[in-house]
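Each structure below appears as structure tokens.
The following pair of complexes shares a single chain, chain A, combined with chain B in the former and chain C in the latter.
So, the complex of A and B:
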């Protein structure tokens, strides 16, 4: 995932615990904080999606002023998370995230 | 849910922590089990039991660490089916504090609690008064002190 141009780092997060399973991040990115907050968001989004009756989430793209957060929940309860520059090729990054989620199981 | 403190300087950091980490119950106490602040408890008996058990767990794990020739464990976490328990120590100008946090797994997580606990640790250290030594509780005064603390903690 981190080979995709514009991806600044990636991590695997345990959704239930909000803990980092594996990470490859740039030094200025706080992996533990990102993991805890992404997992919290995943749990809340999951409940919102269940309430809306639209099934489980497959991919999220949070566009921010100075970058983006891309997330794919794997079936095993692991979140595959990438932090990217604003100009990242989202389509390519999404494919890599989905591939990683498939490998994680 | 109420948040109350015997030691006033612990109140604001505790309130922030509870809000950020979505904790259900929190106790801040001395390693001897004297309660300094609480959030979420509705009965004095529960506070006393939780304080005694929490400090006992900390003492036991510190002894295990000592026997292993290790420094004391930074934190102890236990995950149940619906709730998680997090126990850790904080160093302040007024001495060591033990924090006991109980959180619901459907609204919080150990990662979230750990993350905001670091902030609580920093804020408690910064807020603790540098002057004045905390009073030692003598056996003769213990019951009255305990009763006074519980009155404050439950707004009586």
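So, the complex of A and C:
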């Protein structure tokens, strides 16, 4: 994932408890806190999407003024998370995340 | 194929840059040949992307095909190119009327009247719209084609709610405006089976804004501007209208995510205007009391 241009770091997060499974992040990013918040956001979003009848989340993208957080939930309950620069190719990063989620299982 | 259509088609084939496509497209539309009219309008727009009449033609065809969201986009574009375009003003009046926003419908018709005071039918359309006669008003506005819209089946939503997303497709099934505590301010959501799911979705989304803001700040990404999510059946886009209000747009998977963001942007602008009006009204009420 981190080989994709514009991706600054990536981590795997357990959705159920918000703990880091694996990470490759910049030194200044608090992986544990990010994992907890990403899992909480994923759970909240997942419940809203299920209630709306549009199925579970396949990919989500938090767009920010100075970059983005890209997330793919893997079937095993692990979130594949990438932190990206504003100029990242979201389509390419999405494909890589989906591939990583497949590998994670 | 009639002689007129044949002759215009031949003229267009001979000179593809010709503006005759406007007459041909309108003729096909009036005859109910909507797919053919759509092709003619789209081809014409490809050659004349800055021609207001071409956008107006496409909008009329889309309105007849009941693709009101895209019709709104095209008339909106028409007015950006030609701010006093009569066809677009009438078209938007028609769409506003369809969603129950009589005030906006009348405002657009009156703007059209100011531009073309002698145009027959406009004054009558205003009174028909005010009188709540949808079929006659649609005819007065020139939308009596093959698919004249039926009158609303259900009673219109309360005026304040109906106005939030006036003119936007999905105003009562795929657009939702919430406050920070998950209270619904406007719009509504229905699941693919038609069941109203507004309340549970609103409840789950309460707090998303704060969590998104905390996450973005923690990672040094600045402020969050939108949250786009793909589901198995549909797509979702969440954005802030103000720091205290959240907008949710839901569409099926056929709508690409990029387009969803544009729909959300437009809905957010409508919601911001509505919130401003509401704030002004409340300020006036409190100053009177």
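Just so it is clear, the second predicted complex is superposed on the first by the 105 of 105 C-alpha atoms of A that agree within 3 Å, B and C clash if a C-alpha of one lies under 4 Å from a C-alpha of the other, contacts with A are read in each partner's own complex, and residues count from 1 in each chain.
Definition applied: contacts are C-beta pairs under 8 Å (C-beta built on N, C-alpha and C of every residue); 3 or more make two chains touch, one makes a residue touch a chain.
A quick note: this is a predicted structure, and the numbers were derived from the prediction, not measured.
After superposition on chain A, the partners chain B and chain C are seen to fit next to each other with no clash.
When both complexes are overlaid on chain A, the residue A:76 reaches neither chain B nor chain C.
By the touch criterion defined above, A:2 lies against neither chain B nor chain C after alignment on the C-alpha atoms of chain A. In the superposition on chain A, contact of A:16 is made with chain B only, not with chain C. Between the Cα centres of chain B and chain C, as seen from that of chain A, there is an angle of 110°, stated in steps of 10.
By the touch criterion defined above, A:37 lies against chain B and chain C together after alignment on the C-alpha atoms of chain A. Judged by the number of chain A residues each one touches, C leads among chain B and chain C.
The least CA distance from chain B to chain C in the superposed model is 10 Å.
Once the two complexes are overlaid on chain A, the chain A residues touched by chain B in the first and by chain C in the second are 33, 37, 40. Residues 79, 105-106, 108-112, 114-115 of chain B are the ones that touch chain A when the two sit in their complex.
On the side of chain A, the complex with chain C involves touching residues 28-30, 33-34, 37-38, 40-41, 44-45, 47-49, 51-69, 83. Across the complex, chain C meets chain A through its residues 189, 191-193, 195, 197, 200-201, 204-205, 207-208, 211-212, 214-216, 218-236, 248, 250, 252. Residues 13-14, 16-19, 32-33, 35-37, 39-40, 43 of chain A touch chain B in their complex.
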